[in-house]
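You will see two complexes here that share chain A, one where it goes with chain B and one where it goes with chain C.
Take a look at the complex of A and B:
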C-alpha cells in the first residue's frame, strides 16, 4: 500500500534498493527506532547477493558467490547468526594446469610449503614471508574499512586524530614496509609479485586478485594495490580467508532482511522508483515508476552512484563539478558470470576425485601470459576466448544447493567488457558465444563437463545492468582503483555518505569503503546519519 | 597403551592426520585432517559421525531397576517411560557431583546408563537390598553419535525406525543397516542428532553403511576437537573440565553441587530417597553459593587489547580448557569471583563464548564480569557479559515432524 502524497506520518527514511547494503542501512536505522521503508525493484531482495532456483532443485548464487569482507561487528550488531547466517570456509585455492597437477594453495602453511616446493623451493620459503608482509600492510589499511573515510581537508579534532593515528601506524611499519607500500600503489601486480617469486604458475593466480572487477590487466600499474585490498578480508580472524554462505550469498541478504524486519523496518519488493523527489534542492521522498509518491524525511540510496545521481536525481539538479566528476567515474564492467547445473561432478583430469582441492575456489589462470592475452582481447571490445575464470562448486560446501549427487558450479569470468566493439546493447547476440567460450575453456581441464551440464545461465555485464540494475554491470559499483577509494569514493569531498542534495545519502558499494559483500557502506552510512541527527 | 575401539580399523584408515588422544583408556581421534574445521562445520551444516564407544555404559535390569536408579540418580527414574531417555547426574552423600549422564528406559525392567567415567563399584555398593543386575557393557556395546541438521535424513536411509516420529530424548529398538540395535535422539552438540547403540561386532557394518548413506550429504567422520566447540556452543558442561567429580577432589572447595555446575534443573528436592538429597535441601535453605554461567567476551575489547601490542587477534579453531580467574567488573586487583573453565570462538555465532562458575550474586543475566585474558605473556582482562545458555539453540534440535504438538520433555 502506498501513501500517495500523504505526509501525515511520513517515514524517517526511505531506502532505495534492497541490496545487502541498503538492507543493512535499513536495519541500523530501524534498530535506532526510526521508521524505515525499503523499496526494491525486483521481486526479491539482495541485489548482487541473491540466490535463485533457476532450474528446479538447483540453487545459483546468481552474482556474488563467496564472502570474506563481511564485517564481524555487523554480524554481531544485527544478530545475523540468529537470523540464519552461516559461513563455511573455503578449503583450498586450486589452479589447474593442462599438463601437470597444477597448484593447490592451502590454509595450512606447512601443507602449502610442501605444495609450492614442487614448483620452486625458493618460492615455498618466500611465500609465508610475503603473506606476513601483506598482512602487516593490510593491518595498516584495515581500520579504514571499519570507520568513516578520513577527510584530508578537515581540521576537526576527530579527523586530525584519525590521520595522526594512521600516520603513526604508517611510521610503525618501518622503512622497508613504507617503501613496499609505495611500490604497491604504483606497480603492476605481476611485477610486484616477481620481486618475491620466480614461478609463473604461482604468480599467475596470485596476480588475479589485482584485476577482479577492473578493466585492467595483470601488468597494469596500480593493480598491485588491489591485491592488498584482498588481504583485508577475514573469517574468524584468519585474514584473507574466503567463505561460502550456506544457502548461497542470497542467504546473507535474507539474514540482513530478517534482522531489519525484526527491528521494525518495512520492505517492499516489486517497487522500482523512477526519481528521487526534490523540493528546493532537498530530497523529500521518492516517486515510484507507477507514479506513486512516498514522502520521507530522508532518502538513502542503496544503488550505485551513477544510477543514484544521474538517473534518480538528474544531472540538472546537481552542482556542475559534482556532475562532471560523476561522469568521469569509472564503472566499466569487465566481468560476467556463468552458472551451471550439473548431473554429476566433472572431475579435473590432472587431479581427479572430489577431494579438498575442489572444496574451495578453482582459478583458471595457468600463466601470466594467458591472463595478459585475455586482457588484450578485452581492450579491443571483445570478450576473452580463453578468459580468467574463478570457479566454486557451492554444492560441495553446502549440500542444500543441489539434489544429492548433483552439483552447481559458479563461474566468475573476466574479461567480458561492457563496451563490446559492437556496443553494449549487442550483448544479447554474443551472450551464448561468451557462455560457450567459458565452457570450452573449462572443458579442457574437466573433459566430461559438457555432457554433465543440465542447465546454464550466462550473465554479461549488460545482463547484470539489466537484471540487477548496476550501471555498466561493474561488480563493485565502480572500480576499486586508488583514485576511487577512501576519501575519493565516489567523488572527492563526498566520501561520508552525504551528497550535494540535502536529505539524500549514499549507502551502497559506491560509497566508502567500497564493493564486495561487506555491509560496511550501509552500516557506516546509517551510523553517520544517526550521529548527524539527519533522521 | 590406549585400547582400540571396534571402529579403530576404519577411523585409523580415514584419518589423514595422526591425531589421537586418550579417552577413558581408549584411543580416540581428535580430528581426521590437519585441522578440525570441516568436521565442525559438518556438525552444524550436514552431519558428523563420532565413535562414542569409550563412553562408560551399563545395563541395569531387574524388578527394582527403576527404584534403584531413582535412588542413585537425581532424576526420578520410576517415572521414566519405556522409549524415553533422561539426562541427569549423580551425587555423593554430601550432595556433591560425581558424574552426569543419561538413563534410557528400554523396557520397565531394563535401563541403559551412560556416564563419563566408570562407576561399577559405586553402583554395586548401593544396590544392596534391590532386586537388580548391573552389567558394565562398555566393552561389549559400541556407540556412534550422528549429529547435525541432516542426521535424520541420513540415518533414515539405513533404518526402519520412524525417525520423523521420534521425539527429542526418545529411544527405540530396531534394525540399523541390517543389524539389531537402539537409536536414541540424544547427543552432545545441541543440534538435531542421534546416538546409535550396537554390539561391537556389528559396529563396522553400521559405521560403513552410514558413511555410504551420508556421502551425498557430506557426512564427515568427526573427532573430539570439533565436538568440543559444538558442546560449548550448546552450553553443555563437561565432567573433569567445568566441574570436577567429588571422587577426584582432594579439597572440599573443588567439589560442586548440581546447582553450582548448572545442573540444578535435573534435581527435584521434593522427591525423597535419593543420595545427596538431604545435603542439597540444606544447601537450598542457605541459598546456593555458585552458579554456572555462559559469558560472551567483548570482541571489540579483544581486538583493542591485541592492537595495543600491534597484533591481530588470534582465534584458535580449538576450544580452550585452561581455567582462568573471573573477577567482578573492573575488579582484577581483588579476589576472583569465579573461574572460566571452557571457552571457544564460535564460528557459527561469531562470538567468543565462555563457560564459568561464579559466585551466585554474579550469575544474573546481563552481569558484567572481567575474565583473565593473556596477550604476549601478560595477564589482562576482557569484559564478559552473562548471556543465555545454550548460546546456540536451533529449533531443529527439538522439532519432530510427526509429533503431537505437546512439547518434548527431557
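Take a look at the complex of A and C:
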C-alpha cells in the first residue's frame, strides 16, 4: 500500500484476470513505468493458456494447446524469448482415414504434392497456387490484427485516414484478389475451397480451420476467412501456421508474466474479484470477493465482455443500449477438451509408427459430410457422437510433458455445445458420455488407444466456464463471426478497448482482433490507454 | 438500333418492352412455347415487382393492377395459428405480446430499406480497383445518412443468421418462422446460416404491393406491352449459339440453323448458360469462364399442385380459408429441412408455401435439392407428393378427402420444364458473395460482358431476386445508352 493511503490511487491500473491478454496489457503498462496490479482468480496465471500437472509426471496444456498468431513484435517488446518462450513448429497436419493412409500436409511443397497427388493430380497442382493467393491476401489482412480496428462509420479525421489507408491497400490488391477477398470474407469454407479443389479428403481438413471455436458448420457462410490465419501465422519469423510452446501453452503465459514482473508489475493469484468499483459512473478500482477494496486510476479487464460488464460492472450501471448490445453478444461455447495420459504411444493403424506424421496436429475430419453432421447434432443441443477432433501429442514435441516412454495427448473436440438441450448445468451428467464419444471415435483410428489410457480429463464448455471463468466456455470470448469482428468487437463503436464506463478498459479476446494466443488485444489496449493518457 | 433479347421470362419481357419503347427494333426469342418463364406457373409472389417499372412501361393500360398483399396464415397444432398482416397496425391483434416489437421492427425497416431499395433500382456499383471512386463515395455517404445507430445495426445483423436476428425481437415461433421463410427464397441456406439476415433485408427491400390476379396477370400485361410497343415475339425459338466475331456479338443462331443478326444481344437467361454454352469458349476470357464455372446455383425448389373439391380449411382456424399459408411452426423446422438439402437427402418434414384459389392449391417446397443422392426418379417424385399431403394432414385432417395431386414438379423437372440451369429460379443462389457488385461476378454485374455488344439481364445479375423485373429493366437502360 502506498504511503498516501487507500483512496489515493496507489495503482495506475488494475488488471482483472491473469490470462495471456491481461498479462500482456500489464507488461506493456509496467514497461512504460506504470504501477500495475494483476488479479487472478485461480492459483496460477494463464487463464485458458495454462499447463497443469493433473496426473503425476504428466503435464497438460489444459485448454489452449497450440499457438499460431502470437505477434512477433510482442515477443520482442516483452523479451519473451529471454523469459523462456520457445515455440517449435508443428511438422505436419495429418488427417487419418479409416480405409486408406489418409493425408499428411507437410511444410515441404514437394512432399505435399506427392501426398495430394494420390487424391487428385489437379489438386496437387492447385495447392501451391492456392497457397500463393492466400499468402497475398494474408499480407493484406495482417495489418488489421496489429492495429486498432478501423471504424467505417466514424467521420473523425484520424479514422477516415485509417479507413482510407485500408481502402488503398485493398484496391492495390488488384481486381482478382479483391474479388477473392470478398468471397473469402463471405463464403462458407467448403464452397470456397471447392473453387480450387475437388478432393473431399483434402477439402475437409482444410475447411476445419473456419469452424474452430465457433458454433458454425463447414458449410456456413462466413467460415472461409479463417483459412487466412494459416497463412498469417509466424513462428520464429518464418511463416508457419501452428506451433507448440515448450512446456505447454502455460509457458507462454509464464513468459509474459515473467516479463511483466521484471517491468515491475505485481501479480496476485487466488484473488477473485466480486465487482469493479464505480464512483459517479467511473471505475475507481475493484472489490475482491473477500471484501477488500483496491483503488486504481484505471481498471483493465482481461476477462470476456459478458463477464466484465454484466457481472463485474452490472447491467444497471451500463448505458441501456450498450447493455442491450451485450445481451445480444454471442458467446456460444462449442468446443470441449479431452486430455489423456497414455502408457505408450497409440499408433494409427493406417499409418503406423511414431514418425513425423504424428509430430504435428492430427485432425479427425474424414469428410465434409462428417463435419457437417457433427455440427447438425450440436445445432439442436447435443454433443457430436462423431466429433471433429484436433489431436496433438505434446510429449512428442517436448519430452518434458510426460515421463519417459509415456505420452500426453491433447484432444480439442467440437462440437460440444454449451447450451445442451437439457441445459448447460446438465453437462456433469453428460460429461463422461461425451468423453466416451471422443475416445470411441479416436479408437477407430488408433485401435490400442483404450488400453493405453492411464488418465482422462474431460472438459465441457460448462467446465471451462466453471474453472477458467470464461462465459459459456467460449475459448475466443465470443463468436468470431463477421458481426462480432473489427469495429463491432464486442459492440459497434466500442472496439478500441475503451468502454462506456470511464476508467474501465477491455483488453481481452473479446476485443479486437479477437481470440487465439495472439496477445494483440492486450498489447493494443495498453498502448491505446497510454496514448490516451488514461494511466 | 436492333436488339435481340434471349429469353422471354419476365426480365426478358421487361427488357424487350423497355428497349422497344426507347425506339429500338427488338426481337424477343423464347425457347419454350409461351412467355413468362418462372412467372408463368412456377412462383407465386409478385410483391417484389417494381412499381416504377410498371409505371414506366404503362402496364396499367394493359390491365395491370396492384393491391395490398394478402396476409399469410401460419397454422399451428396447439393454438389458433397466426394470421400475419404485413402492416403492423393490422397485425397487432394477432401478434399479442409481439405487437410492439413488430411495430418497432417495421419502423426500423422503413428507416433502413430506402437505401437498400435505391441500390436495387440502380446498376451495381463499379468496385473494380481501377474504377472511379467518386460514385462509391457517394453511395457511402448515402449509407452514412441513415445515422450511426441504424448503420451499426445493419452491419451487425446483416452477416448474422436470421434466426438470431428475429429471436432478439420476437417471442412467437410462428412469427419468426413466417419471417425467416422469406429470407431463404433463392438461397442455399437455413435460418441458422450466417448472412441470412442480409437476404431477409434484400427481400424486404423489394417487397411492396402485389399484382391482382397473380404472376400470370403480370405476364399477360408484359406480353401486351411488348406487342403494343412493336417487339417481335418469337416463342418456340431456342438459341443455340451467340455469334461472335472479332470480339463482338453479331447475332444469334437458333435451333434449326436460322441466323438472326442484330446490333446488340441481350441475354435474359442465366449468365452461366449464356457465357459457357451459347458463346464459343474461344471468345470468352479465361477469367470470366472461371467465374461462371464457379457460380453456385443449386436449386432447392419443387412444386406440388392440388385440385381441391373445397378450399383448404385449417383445423386451428375453421372458416378462415386463407389464400396464402406457410406450414412451419418454428424456424428450426426450416433449419431441419435445410439439413436435408445440405446432405443431399430427400426431405422428411416439409415446410410448405401454399397459395390457394377456390379450386386449386399451388404448393412450393423449398427444401428439395436438385443434387439428391441417387437422383430424382418417378418414385421420388411420388414420394414428394405423399410427403406434401402428410405435412398438411396435421393441420387439415380431411386433406386427402378434398385434394387430388395433379402435378408434381421436382427440382429436376423444374430445370427441364422451365429451362433453368440447376433448377434455380434465380439463375444463381442469393448469397453475400453472389449479390450486388458480385452478382454474378465482379466483372459481369453491370450488364456488359467482355464481348462487345453482348449484355446480361436475368435475375442472375444484380439485383437478382424473384419476379422483380429490375435486372431486365436496368440491362435495357444500359443497352439503350451505349
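Basically, the second predicted complex is superposed on the first by the 517 of 535 C-alpha atoms of A that agree within 3 Å, B and C clash if a C-alpha of one lies under 4 Å from a C-alpha of the other, contacts with A are read in each partner's own complex, and residues count from 1 in each chain.
The criterion applied here is as follows: a contact is a pair of C-beta atoms (placed from the backbone, for glycine too) under 8 Å apart; a residue touches a chain by one contact, two chains touch by 3 or more.
Here the structure is a predicted model, which is why all the values come from computation and not from measurement.
> For A:220, is the partner it touches chain B (first), chain C (second), both, or none of the two (neither)?
After superposing on A, A:220 lies in contact with chain C but is clear of chain B.
> Go through the superposed model and pick first if A:369 touches only chain B, second if only chain C, both, or neither.
After superposition on chain A, A:369 lies in contact with chain C alone.
> Counting only touches as set out at the top, which of chain B and chain C does A:111 meet: first, second, both, neither?
First partner only, chain B.
> Using the touch definition from the top, say if A:182 reaches chain B (first), chain C (second), both or neither.
After superposition on chain A, A:182 lies in contact with chain C alone.
> From the superposed pair, tell me which chain A residues show up as contacts to chain B and also as contacts to chain C.
On chain A, the overlap between the chain B and chain C contacts is residues 172.
> Within the complex, which stretch of chain A touches chain C?
Of all residues in chain A, those touching chain C are 152-153, 155, 171-176, 178-179, 182-183, 186-187, 191, 195, 216, 219-222, 321, 328, 330, 369, 372-373, 376, 379-380, 481-483, 488, 492-493.
> Contact residues on chain A for chain B in the complex?
Answer in residue numbers: 72-73, 75-76, 80-81, 86-89, 91, 107-108, 110-111, 135, 139, 172, 236-239, 246, 356, 359, 396, 398-399, 404-405.
> Contact residues on chain B for chain A in the complex?
33-35, 37-38, 41, 44-46, 150, 216-218, 299-300, 310, 312-315, 345, 347-351
> Which residues, counting only chain C, touch chain A once they are in their complex?
Against chain A, chain C makes touches at 127-130, 144, 148-149, 151-152, 155-160, 164, 168, 189, 192-195, 287, 294, 296, 332, 335, 339, 342-343, 431-433, 438, 441-443.
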